[in-house]
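The structure that follows is given in the form of structure tokens.
Going in written order, the chains are labelled A, B, C and D, and every chain counts its residues from 1.
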Amino acid sequence: MEFGLSQEQTMLQESLARFLGESGNLARSRRFAADKEARAQDVIDGMAELGVTGLIIPEDHGGVGLSLLDAALVSEVLGANVTPAPFIGSSVLAPLALMGAGDAGQQGLWLPKLASGAVVAGVALSEAVGARDGAGVEIRDGKLYGRSLFVVDFEADLYVIVDRSGELHLVAADSPGLTRTPLRTIDLTRPTGELRFDGVEAEPLNSGDTAVALRALIDAGRVMIAADTLGAAQAMLDQAVTYAKERKQFDRPIATFQAVKHMCAEMAADLEPCRALVWYAGHALDHLPAEASITACHAKAHLSEVGTQIAKTATEVHGGMGFTDLVGLHYWFKRIGFNRQILGGPQTVREDAARLKGLAA
Amino acid sequence: MDLSFSAEHESFRCEVLSFLESHRDQAPRPGGPSALMWQKLLIANGYAARSIPTEYGGYGASPDILKSRIIAEEFARAQVSPGLGGQGISMLVPTLLEVGSEEQKRSIIGPTLRGEMVWCQGYSEPGAGSDLANLRTKGELVGDHWVVNGQKIWTSTAHLADWCFCLVRTEPDAPKHQGISFLLFSMKTPGIEIRPLIDMTEGHSFNEVFFTDVQVPAGQIVGKRGDGWKVANAILRHERGSLADPNTMLSRLGALTEMMKTETVDGRRAIDDPLFRDRFMRIEAKVMAMRCNDLRLLSAAVNGHSPGLAGLVVKLQGTELRHELERLAIDVMGEMGLLYGDGTPYLRDRGSWQWNYMFFLGLIIGGGTSQIQKNIISERGLGMPREPKLATA
Amino acid sequence: MEFGLSQEQTMLQESLARFLGESGNLARSRRFAADKEARAQDVIDGMAELGVTGLIIPEDHGGVGLSLLDAALVSEVLGANVTPAPFIGSSVLAPLALMGAGDAGQQGLWLPKLASGAVVAGVALSEAVGARDGAGVEIRDGKLYGRSLFVVDFEADLYVIVDRSGELHLVAADSPGLTRTPLRTIDLTRPTGELRFDGVEAEPLNSGDTAVALRALIDAGRVMIAADTLGAAQAMLDQAVTYAKERKQFDRPIATFQAVKHMCAEMAADLEPCRALVWYAGHALDHLPAEASITACHAKAHLSEVGTQIAKTATEVHGGMGFTDLVGLHYWFKRIGFNRQILGGPQTVREDAARLKGLAA
Amino acid sequence: MDLSFSAEHESFRCEVLSFLESHRDQAPRPGGPSALMWQKLLIANGYAARSIPTEYGGYGASPDILKSRIIAEEFARAQVSPGLGGQGISMLVPTLLEVGSEEQKRSIIGPTLRGEMVWCQGYSEPGAGSDLANLRTKGELVGDHWVVNGQKIWTSTAHLADWCFCLVRTEPDAPKHQGISFLLFSMKTPGIEIRPLIDMTEGHSFNEVFFTDVQVPAGQIVGKRGDGWKVANAILRHERGSLADPNTMLSRLGALTEMMKTETVDGRRAIDDPLFRDRFMRIEAKVMAMRCNDLRLLSAAVNGHSPGLAGLVVKLQGTELRHELERLAIDVMGEMGLLYGDGTPYLRDRGSWQWNYMFFLGLIIGGGTSQIQKNIISERGLGMPREPKLATA
């Protein structure tokens, strides 16, 4: 019985955080946004060197073979550092899709390339959670038609596509008939976009139980996003506390005002139990199949609510400075805002959990 | 309780409507009539600068809050520009009328009202936000000029303004609140540097302004040396209420209803989702309460009563409520609510929901943070004691 | 244009408050609860003397002929004083039912008795809003069968009954076949109970448009309850502020702690706009038919939410003392709790408003 | 991360289960075996007083947090009484083990564990709640007795207790925190008056206790004169965590689910109402988070790590969450949720939802108000500074 992080896990987080610090952190994200970079290749390379791109890929495919909990811990660090690099799609969901529904050939071809960071994979999953504006992809005569919106890790070489019937497909980014349109959002650290399919050749991923594989993608995606929010919210809280200790008004640090202290205390009280929830949800993905989906929903929904509140409160603690671009706090604010809506807003996700529990139709 | 208007006011409303009917083609638009021409027309007809004396360039009517409200309502309903706004007209002009010299009133108010003199406000500083009286920009009287050095922040429209009304510490040895003067100077004076202050909306609504040996003629002061705090406070009170207009909220609610009827997930309209609907109704009730509160304030103003608590709570409640309303819209749109920036495909309402969501977080903070507002409500509204003095202060 | 209370209205509130103060206020409510009184006849008599029992009854039926806004103002004062006397049922809803759906004979017989306080009338309306445990009343061969729960002003001589089809009936308390069972609730100041009908003779109230009359009962009931909550919540806030100024901890009044000040400020900020909302909703009942129902819903729902929050926060400001019976603060807490559930909880009422706006089916 | 138990612990769980299987008929029930007999049996088998040394009447096992947890879990699951509780066992015994004299340990711990000596706690006073160190009940050493005068409040079980452990100011001239002593005395001592303190639940869980010249033998003190604050603080820490057990919350959630399946309005089940369902799921997520947090605390305790923030937030979050959960139940029941008092027709679950709703408001306040908890979290958990000293204090 040991509910906590191992030394290896703590080291993984620390070494990744150290690398991200060296690579420039917020300054790197600002440059990524200002230069409209498609990929921060230096960051991806550094992550590959640390084994992060191949984190959950088995060792015999060039990966590190770690667990989804480890992936969540990575996601947390990336959120904390508003890192402008692919991870959830390319290093978690795409490998999961290949491992869960790909055949040996597909696995042997793609997993090593994903592990090394040589290939980035995007994942088109939004319509499986809820289709907006009539989006969705259909297969006719073995070819894909339709649209996928809000592709995770959009600036990719390869895509995992979920069609309307829940089947999974692999599509190369340069496939004829595929049109890619970036969708600019509030979050400038994680490009997303639309894929349009006009008779695109696709390779089916259908070697396992596709329904199980799809559910695993949704669950893992939600836990990774929850972890990203955990990291981002913790970073906002930390910045608020630091700022409050430094900032003086009325001849005293604002951290000595009970109102400011209590705002910080409320953030901490809301957030700290979320850490254990994310750990548990990450652990459940690999080890507690009966609980995994519901816990993933709870983690996603709850972190969205808590994160939204903290994003607002931490900004308020910063006063006007939090509203400006000067301290860049809004990068975290927007990261949390992005995470809230992706793969199902909190209400949608709670309703999903209620269905899983048999409480809703 | 009587929500009807008097015959005089009803007939005034008809006048306004007929003016709108016959002049709306002269309202400013891109490539059409200019805002300055329109402003002149409005002043001439008493729909702008209505109660400002004619000798200072106004229309010279006696003040009538209800008529002002009728004008505001009908121009808003007709979606016709109500004329120029800005801090010069809304804040400096009332101040000058109260405490300006005759010379200042004659030379400044008219051009300001006509939009020939655009003003920015130099109050906040990096070290003086909630604690505005802590400001450090200093002005030294050297010969017949103030020499101003220091930095301002949150200076909206500094990049567009001709002139600045500015709080400057001129009496460094006086107590904090008594060492400040209220100076006026041209933004073309040498030594002024303006840096855009980009905010979380990616927009440029504010600036940082740096003063290096800026020379201001000694006479360009409003009130006496050291009176600046009093002068400024008279206007700050004007500002706070205006951030949370319930009529704007009602129109946002209307837009949200329409949006909820068209946004769909898996083909199901947002308005048919009981959870979104409930959140909407909950917000509508709060907006209704603020609108009723606003009627109460209007009525108190008409009758010269003190609005009391009903007035003190407007800024806090209104900005929070507006933020909550825009938040709901984003949740309704889901991923679509993340889209931002001109020309982005699928973008709804030009991104206004996201913009307002963020901008109103700024307004929750700006013009007195929620924490400062709560201090004010508890002390002035509920008569609770101020925090005791500290041992070392 | 005058949105505010007239001098007469302020005086009405003041004179009623003065009388309730003289009649003992909280001490009177405590005695009412401890002695399990059915009716506080002394309080009723005093209210009758002030014209409160006949407030909205026309002068030619022995009443004062005032408006429903005036009734809301009375309701507010009764809530503020946790008054153990009938009002909403007996002096507002029953007269409204008679005035809206009774014939001249019924009006002439009952209105003067209600106005004088000689007769108390209860109103069985709950099932028209939502029936629990299969309750409800049906008419067969001119006789009533079934059950009505949570009758407003239960300890009465006469009842206005709404049956399942929305028709209104008058029933005397001593009618054969009628069984009355008190239902004890958290709120010991306002008796409620169940009526069981086993072939009870009833007199129909069907001289007007019954549907309109029923809707008017629901709307007026909701506004009166909202006003009661307004008064109770304001009283709790006032008590919290007073207590905070008196109570010392750490060698200073707790009112000097920013945390306590902000709790009180938040209560005031939430509550003060409610006052205008209740005024408007009261005014709308008589003067703005197009808005009356929706505004009544908003007032009921919003005051319930704000009241619940204030009931909790004001208790917290009182510390442990708020939890005891010593200061009796819980009388207000429970009054607000009672108001929340009666004639539709906040969610139910908001859904009703959405239907009225055409936003829900 | 490993949520499994070791073979040793799994086998221990089997032992517990087999004990429960073979002895559950000896558990106390009205008209059946007594609680005291059951307690003896539990101690003898190591299911109560498990790690307390045998010479003081305990079972004498080495401390094993997981085994304690297993016992608690299995007894709860089997719905069998886990033995006696109360402030004597949960608070006084650990204190005596830490700072009591050998004589005190030998004479008090055993009878307390066996339920032969029931204790109440005399801490809070009307003027000393959040500011407990402000207590004024005084003890003067006259000859070989302390003479105690003053008043306590919130004394739960005073009306059932044999003895009291009590904080008393014995050194009036010492600084506030250093003038307090920790005394023990029989509740049968002359001069003690107990008045029931009825609370908002209409229940009698607490008392006011008045002391008039109560004579306490000088030796009945734990620790030294003036050490009482330190002694008491060691135990207060024990109390705070226990108010918000996530496993209890889980079982309340389960009961709420069942209730939502049976409560109807116009024939429609509450569980089929999307709004109630969403609120339920929202609360379930929070409960899950607290349960995971609890696992983290357990694990930290097993490994001797400091729980840090994760421990500091439990009381605040847990009591608020429990209050919120009970609130939802009441809303689900609507008017039915108002019913209260034994024997009331239609009453659900004996009124337990209303009772808990109110009682947990008491717990939000008791044992350190939410405001005090937030001070603690910000200072101890986030390293924020204490409020500066006042000019006049």
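What to note about this one:
Everything below uses one rule, namely that a contact is a pair of C-beta atoms (placed from the backbone, for glycine too) under 8 Å apart; a residue touches a chain by one contact, two chains touch by 3 or more.
Model, not experiment: these values are computed from the prediction.
Among the remaining chains, A is positioned farthest from subunit C, on the basis of C-alpha centroids.
With C-D and A-D as the two chain pairs, more C-beta contacts join A-D.
Separating the centre of subunit B from that of subunit D, both taken as means of CA atoms, is a distance of 53 Å. Per-chain Cα centroids separate subunit A from subunit D by 41 Å. The set of subunit C residues touching two or more other chains comprises 252, 257-259, 262, 347. Among the residues of subunit B, those touching two or more other chains are numbered 273-275, 278, 371, 374, 388, 390, 393.
Subunit D makes touch with subunit C in their complex at residues 124, 127, 129-131, 134, 153-154, 197-200, 202, 206, 263-267, 273, 275-276, 323, 327, 330-331, 333-341, 344-346, 354, 358, 361-362, 364-366, 369-371, 374, 390, 393. Listed in rising order, the residues of subunit C touching subunit D in the complex are 126, 130-134, 149-150, 181, 183-187, 192, 194, 248-252, 257, 259-260, 308, 312, 315-316, 319-320, 322-326, 329-330, 333-334, 337-338, 340-342, 345-348.
Contacts from subunit C toward subunit A in the complex involve residues 257-259, 262. On the subunit D side of its complex with subunit A, the touching residues are 1-6, 9, 66, 257, 271, 274, 277-278, 280-282, 284-286, 288-290, 292-293, 295-296, 298-300, 302-303, 305, 309-310, 313, 316-317, 371, 373-375, 377-379, 381-388.
Subunit C meets subunit B in the complex at residues 1-6, 69, 241, 244-245, 252-253, 255-256, 258, 261-262, 264-266, 268-270, 272-277, 279-280, 283, 287-288, 295, 297-299, 301-302, 305, 347, 350-351, 353-354, 359-360.
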